[in-house]
Each structure stands twice: as C-alpha cells, then as structure tokens.
Amino acid sequence: MAEPLVLTLSCADRPGITARVSSFLFERGGNILEAQQFNDRLSDAFFMRVEFDPGDTPRDTIRSEFAALADTFAMEWKLAQRDRPRRVMIMVSKFDHCLADLLYRWRIGELPIEPVAIVSNHPREAIGHTDTGAIPFHHLPVTRDTKAQQEARVREIAAETDAELIVLARYMQILSDAQAAHFAGRCINIHHSFLPGFKGAKPYHQAYERGVKMIGASAHYVTADLDEGPIIHQDAESIGHADTPDALVRKGRDIESRVLAEAVRLHLEERVLLNGQRTVVFRG
Amino acid sequence: MAEPLVLTLSCADRPGITARVSSFLFERGGNILEAQQFNDRLSDAFFMRVEFDPGDTPRDTIRSEFAALADTFAMEWKLAQRDRPRRVMIMVSKFDHCLADLLYRWRIGELPIEPVAIVSNHPREAIGHTDTGAIPFHHLPVTRDTKAQQEARVREIAAETDAELIVLARYMQILSDAQAAHFAGRCINIHHSFLPGFKGAKPYHQAYERGVKMIGASAHYVTADLDEGPIIHQDAESIGHADTPDALVRKGRDIESRVLAEAVRLHLEERVLLNGQRTVVFRG
Amino acid sequence: MAEPLVLTLSCADRPGITARVSSFLFERGGNILEAQQFNDRLSDAFFMRVEFDPGDTPRDTIRSEFAALADTFAMEWKLAQRDRPRRVMIMVSKFDHCLADLLYRWRIGELPIEPVAIVSNHPREAIGHTDTGAIPFHHLPVTRDTKAQQEARVREIAAETDAELIVLARYMQILSDAQAAHFAGRCINIHHSFLPGFKGAKPYHQAYERGVKMIGASAHYVTADLDEGPIIHQDAESIGHADTPDALVRKGRDIESRVLAEAVRLHLEERVLLNGQRTVVFRG
Amino acid sequence: MAEPLVLTLSCADRPGITARVSSFLFERGGNILEAQQFNDRLSDAFFMRVEFDPGDTPRDTIRSEFAALADTFAMEWKLAQRDRPRRVMIMVSKFDHCLADLLYRWRIGELPIEPVAIVSNHPREAIGHTDTGAIPFHHLPVTRDTKAQQEARVREIAAETDAELIVLARYMQILSDAQAAHFAGRCINIHHSFLPGFKGAKPYHQAYERGVKMIGASAHYVTADLDEGPIIHQDAESIGHADTPDALVRKGRDIESRVLAEAVRLHLEERVLLNGQRTVVFRG
C-alpha cells in the first residue's frame, strides 16, 4: 500500500459531488479506505472526508489535478498525509494534567504528534513532576504590559518550529484577538466547563454555587471570543451534593484530559471541518 | 412491620445530632430501615433523612415528642408516611410526552402518586392520543389579560384537590412570581435544556445554533426566576453534527421524560432537601 | 422533491464501488441527501447506505437498472422508500413498558410504523392499563405441547398482515429455531441485560447476585441462539449497593424501552446492515 | 481539629446500632464529619462508615473502648486515620497506562498513597517512557516453574515495605489461589472488560467478535477465581462498527485507567466494605 492520504473538502451542496470525487480517485488508481460525507440540508452545504490509498499516482499529481475539480465546485479543500505526525506546540500554565496526558499518549504512540515546544507563562518548576523529556520548554511570563511582546514571541516559536497545531492545555491566559486570528483553525483550547453553561473564570465554583448535577468540559477552536469558538468535543459526568468545589476540580481534571485528547486526535486525523460557528466531526 | 415513616430534617451542624436523633428513635422502639446524612462543611449545615419502622409508637406520638428535640436544634423537619401515595396535579401544554410517561409509571405502580388533576392551557384534544382515564382534565386557557384569573383558578383546583405536588410536565407558561411563591417547594418543572446552558425559549434550537456536542434536561423546583430554581436532577446525551433541531427535540423528549420522572420520584420519597439555592438529594 | 429512496448494499470491498454507485445515481438525476459507507478492512467487506431524491427517474427504473450494477459487484442490496411507514407486529407478554413506549412514539409520529398486530401469550387484560386502540390483539397462549401450532398461527398473522418487522417487546417466550429462521433479519428482540453479561432468565437478579455496578439492555436480531443474535444497540447505567433486584427491574424498564425504540428506529430507517454475526449501524 | 479518623463496621442488622455508635462518639467529644449507613434488608446486614474529628480523645482510647461496643454487636470493624497516605505496591506488566495514571495522581497530591514498590514480570525497559522516580522497581520474571518462588518474593517485598494495598495495574499474570488468599481484601485488579461480559484473555477481541456496542472495565478485589472477585467500580462507553480491536484497546486504556484510579481512591478512603461476594461502596 502506498502512503495513505486524507482528502477533506466542503462546498455548496449540489448533485454529483460524491460521484465526481470518487470517480476522480478511482480513475487515478486510488482505493478508498474510509469515507464520510455530510449533506447539511439546513445550510445546503456539503462536507466530505476521504481516506485513500493513492496507488501509483504521486501525491503531487493528485493535488494538482484535484485543484481543477475543486475549482468547479468552489471547494475549500485539503490533501494531507494520513500517517505523518503533526508538529504540535503545547501551551500550559500551572495545572499540567492535560499536558501530562498528551505526552503519555504521544510516548506510547497513541497520538500521532511530534511535540516541538512547550510554552508556559510559569517557570519549568511549576510543572516539576511531569517529565517533558527533550521537548524545548519556553518560559514566557506575561503581564498586561508585556502581552504584545509575549504573544509575538509565541508566534515566533510557532513559526520557527513549524508548529501545525497549538494546543492550549489549560493555558490560563486569554489570547488577544490578533493572536486568536493568527492561529485561527489550528489552535484548540480546553474549556474547563460544559459550554455554554459557565463561561469565564472558576467554572467549577460557579457550578457548585448554582447547584448543578452534572459538570463537563469542552474542547473548541480558539476564536477572538474565547468561550464562543466552534466546539469539537464535549463530555460530562454526574455530581452530587457532597461534591465540594475541590472535588469538582478533581473530577474535572479527568474530563478535561480526555476531552482535550479526543479533540486533538480528531483534529490531527483531519476529522474536524468547520461549518460556520459549528463543526462537522467525522468519527471513524 | 408498622407503617414506615420518613423523617427529614436540616439545621446548623453541631456535635451530637445523629446521636440524639437515632437514640430518640431507638428509645421509642423505632427500627431504622435506611438513613443518610450530609454534613455540609462549607455552610456548616446538617441534613438527614431516616426511613424507619416506628414499632408500636403511634405516628402522632413520635411527631409531638420529636418537636421538642427539633426545637433544641432549631431544625426544619418533616415526618411523612413512606408508602402513602401523594396527590399530584400535572400541568401540561401541547407536548405530552412527560405526562404520558408519568401516567404510565403511575398505572404500573412504579410512581406512588394519585393524579388528582390535569391542567392545560390547551384543550383536551391537544393531547388526544394520551389516555388520561378518569383524571379530571381542566382546560384553562391563558392570555396576558387573563393570567391572574387563570392562576387563581389553578390555585383553587390545587386547594380543592389537596394537591401536594404540582408537576409542570412541559407546561409552556411562565408562572407569575406570586404563583411560584404560592407553590414554593412543591412545584417541579422540567426545563428542556441542560441548565444553565440555554435558558429561555427554544433551547434545542439555541443548542443547534451554538453547535454543542451534548444536550440535556434539568428538573428543578419552581421559583420566581423560572430558570434559576434549585436543580433536583439532570441528565445529558451526546449529539452530532447531523442532528437537526428536530432531531434534538426528539432526543430531548426521552431525556426530559426520564429526568422529570426521576425528580418526581426523588421528591415523593422525601429524598430532596433544600440547601439555599441548591439541593441535597439522598438517593437510596 | 420526489419521494426519497434509501439504497443499502454490501459486497466484497474493491476499488471503485463508491464511484460506480454515486455516478449511477447522478446519471439518473438522483440527488444524495445522506450517505455513509464502511470499508471493513478486517473482513474486506464494503457496506453503503445512500438516501437520495431520485428526481424524475421512476423507482422501478432505478431498481431494474441498479440490478445490473449490483450483479457486477455481487452485492446484497435493497431499495426502499424512506418515508413509507413499515407494517409492524409487536409481541408482548406481561410487561408492556416497551409496547407502551413504542405505541406512544407511533402516535406522536416519531416512529414511522403502522402497527398491524399485537400478539401476546397472555390475555388482553394482562396489559389492561395500556391503550392499544384499534390495533388487532391476538391472544395466543403457548404451552410446550402447543408451541408448534402457536408459532404457525404467529406466522399466519404476520403473513396476513404483511408484517415487515416483528418486534419482541419483552415477549418472554423463546422462539423455536424454525421460527427464528423464518423471521431472520426482520425480528428484533430486547434482551433485558447487557449482553453477553447475563444470558438466560432473570438477568437483573443475576446482576444483583454478582454485585455488578452497571446494568444495561441489548436490542438484537433474533437468531436460533436467542442470546447470540447480532446486536443493534445497547445502553447501560450505573447502579449501587442499595439497588435491590426490584430497583434494578425498575431502572431496567427505562433502559429497555429506549434501547428497543432506538433499535427499531435504526432498523426502520434502513440503517442496520448485517456483517456476519455483527452489525453495521449507519447513524444519521 | 484533631486528626480525623474513619470508623467502618458491619454486623447483623438490629435496632439501635446507629444510636449506640453515634452516642459513643458524641460522649467522647467526637464530631461527625461524614457518615453513611446501609441496612441491607435482603441479607439483614448492617454497614456503616463514619468520618469524625475525635476531639481530645486519643485514637487508642477510642479504639480500645469501641472494642467493647463492637463485641456487643459482633461487628467486623476498623478504625483508620483518614489522612495518612497508604503504602501501596503496584504490579504491572507491559502496558503501563494505569501505572502512569496512578503515579500522576500521586504526584499532584490527588491520591493519598505512598508508592513503596513497583513489581513487574518484565524488565524496567518495558515501561521505559514512564518516570517511576525513586520508587524501587523489582523485575520478577515468572514462568510456570518459577511461579511459586516469584510469588514468595512478591510476598516478601510486600512484607518488607509494609504494603497495605497491592494494585494489579494491568499485571497480566494470574495469582495462585494461595497468593490471592494471602492478599485477600487488600489487592485490587483492573479487569479490562465489563465483567462478567468477557472473562479470560483478550476481552477486547472477544468484544469485537461478538459485535457488542459498548465496552467497559471492572475494578475488583482479587480472589482465587480471578474474574469473580467482588466488584468495586465499573464504567463503560459506546463503540461502533468502525472500531477495530486496536481501537477498542485504545478506548479501553482510558476506561481502565479511570476505573482503577477511582477504585483505589474509594478503597484508600475506606469507602468499600465487603458484603459477601458483593461490595458496599459509600461515596462521599
């Protein structure tokens, strides 16, 4: 088998897209390994993900020839190598459970990532009990006055390392609108709440005060409005009256870790397509 | 075994409450069948529920003698018969899945209720496919101008039927503050959303627009602020990008029915105690 | 829009199937509304479900012309009308929560069924609290000696009513191997257990004895080996030490009702394809 | 506040136990912080857990004086320090996700443990990507011929380190009956299956073959019959037809890690009492 590719695309829905795309691949010797499509009848939009073995046709040939077809349908599209690890920059503050979880999944080969940088507004000692190995650690403290420079430095590191994905793994700083725009579509945040239930700070304390019976977490793309970006994945669990805010924080760690890891996996496998403020998620 | 009783109480926490209450029951020949307590260390409040066989001591004796002990601790308390069906008034609008569900549970003996009235702002035909049997049905239409009279009539029916619990089973009218106050602590609403996520009207459409990946429902006591009453029970389920608002409404029906039924059961079994804007729920 | 159709098919996987099928539909003016495929790489089998608007091409034309394509790939396939209610025979014994649930979903238009018969080994009075309306009720008691005749009568009723689906809604009789074979692929059972956890009789009591912390239910196609048919849907819930067998039975009713209803919906929408002893389930 | 204690007890149920126990504590200046009881009406057994501040009464005084009360009721009982970390020996084979998870929870102070030994039948390199810090690692390979000696050495290490709890964190060796008996009540295993669904080897592959729609994991006390010990905690998740055995293994890792960690937490907090082959679990 040749190196598998993943084609993702979206466009206005009209008859024949599936036929044209699948015929395009078949005519070039491609063999579909997995395919999903979604016809959004409410917005008349079409979304597709195809994982395929390109056979003898070189990737660049497929790319250049598909461009013409894509033009016909005014598609947004992407052709990616399925098995190439993605270069990932992870940002963290003092709570490193999501970081530790991502690193473990990387080390055992579960998450196809190559961590190229860890950035924190706190010094390395703040997460002293986690083994970050040889991954470069950048301590970039931030104050109101230095935020612009700090964010510029973050962009530099992302550029220098060719980071394809930025993961905010409980990075407790709000990105500026410009920074959010710069990383648009390739920056995932874990919001430690079941959005839109409790936005803003200390959501577990808010949840306790309100007396809810479930808590959750939300992984979403970062946009200028931090708590309003397109949601990729959410999960929730039951809680009870005896759960103190501290207990909610403890339970929340588990939910946050697994929701973020799942969102990162879905993104890396090119399974998440944007549909306005919503997402289309093609699970396997 | 004598007829089992349920004692529920709350007061400021201090040493010796459990000892005094359990000794009180033991000295009168009572035998505890089930007991729970909750020491709320954040508010220094104490909550207890005891289900017991009173042996040979008459219920009235226990009630009058316990009053003295309750005074000592400045308790709020209640002594109830465990197995006596509660008289329940159910209010409904056009969607009757919660009503149908409650009636089925009543008919097979699962819910210990005696439905004494069904009140709707729509005529009987609106829920024509549900068999309400011999339960009196009251069609009480409501407009802005007639709301006061309509609510007065609802209170009359509740009084005439000795209704102990009012269940808003998808009753799509907001109670006036006065009405909410009148039924305080004995009126349960099912909010067709995972509070506080989407308050107000059409929460499933809001959820769709926001692109969340889970929906839920919340059963809560009715207070003047309709979406802010103490929550008794919540549940949620995963949804996907292909779920239209109509699909969310369909999935929501199942969640709403079972969340409301569970909240009603917990309330009827005297398992729900108020703790400010929060609830203590003693599951069996 | 013409009347939507659903095409389902399975065959050995090989390159070009998607291209051929989608081109076939496009060339005849068909417009895909929803499509899913599954390439089972472990068994090299291919499964597809396409919901489409056939445009001006008559259904019979599509059917006859697709037959040729299907032959090329040695497909098993089916072309169905999406919105035509399916004729359903429901079998029940003494516990009618699943029956009541299915009938409610039918009455409010949620489940696209036309109930053509209710068959029970108990008399109508056994389910006296459920309104079966005008649906013919057949009391067919069964003993070891009369089982063959009773099953023959069940087949007759199914034939006379053109029942397309037989739902065993807590029908507590084991079908003979011959009967199971006769209804193969169109008979769904709800097993009141999380298969394969507790096969056989009284699974909730078995679960209690074993001290498990979750219970569930399984909807599956009926085969000669009753507890081993292909599973369509399962769900489970947490339980605790205080849950008696009776409480498990109560909690089980809710799980059973919703698991069976979901399986019936999936089947009726042609979303379930057989893959040996397993199923492929194309959710919307 | 003095150092909090936890009293757990079980005995035949009879009137007055709660009164006697709570009065005992009150008379000695004890202040209850949390208390639960369970009257098992099916077996007429009584279970209780009380977390309390002993005030000025020394722990040893409480212990010796309670012994007399315990005798009266023929109780099995234990008096433990709530906040003292428990000495834990962790056994592992090649898959170390549960080990890594437990160590992370220990390092951030979530789990009140003191890891005193890691024992593996594989060399340290097998779990090379996990930082075990200064915890002694014992490589104890085992073959059929050396099993007796290996188990003796495990017992020695447990004795030398005063291990109070032995956690089988995906230790893929079956303990001999004698070894299981030796560690009875203080050895927890994570079974990578939703017991009793798939006992024995390769449960995820069994689950795949059977085509189930949910997988789960079970944490239980080890007994001579490995898959039949009293279950402490279970959880499950939905899977689909596209999940290969490898995907099930991946999803299983998450479930296993959190189910085992929760069971260990419940055990360490003295929240799990044995009730024959079942457990009573007093959640907070």
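Order of writing sets the chain letters: A, B, C and D. Residues in each chain are counted from 1.
As a convention for this text, contacts are C-beta pairs under 8 Å (C-beta built on N, C-alpha and C of every residue); 3 or more make two chains touch, one makes a residue touch a chain.
Chain labels with UniProt names: A, B, C, D = Formyltetrahydrofolate deformylase.
Keep in mind it's a predicted model, so treat the numbers as computed, not measured.
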Longest centre-to-centre distance from chain D, chain (CA-based): C
Same or different residue numbers at the chain B/chain C copy interface, by half rule: same
Geometric centre distance via CA averages, chain D-chain C, whole Å: 41
Cα-centroid distance, chain A relative to chain C, in whole angstrom: 37
Where chain D touches two or more other chains, by residue: 34, 38, 41, 240, 242
Residue numbers on chain A that touch chain D, as the complex places them: 34, 97, 100, 104, 107-108, 110, 129-131, 240, 242-243, 247, 250, 253-254, 258, 283-284
Residues of chain B that touch chain D when the two form their complex: 15-16, 18-19, 22-23, 25-27, 29-39, 41
Chain A - residues contacting chain B, complex: 38, 40-42, 194-198, 209-214, 216, 218, 230-236, 238, 240-242, 244, 275, 277-281
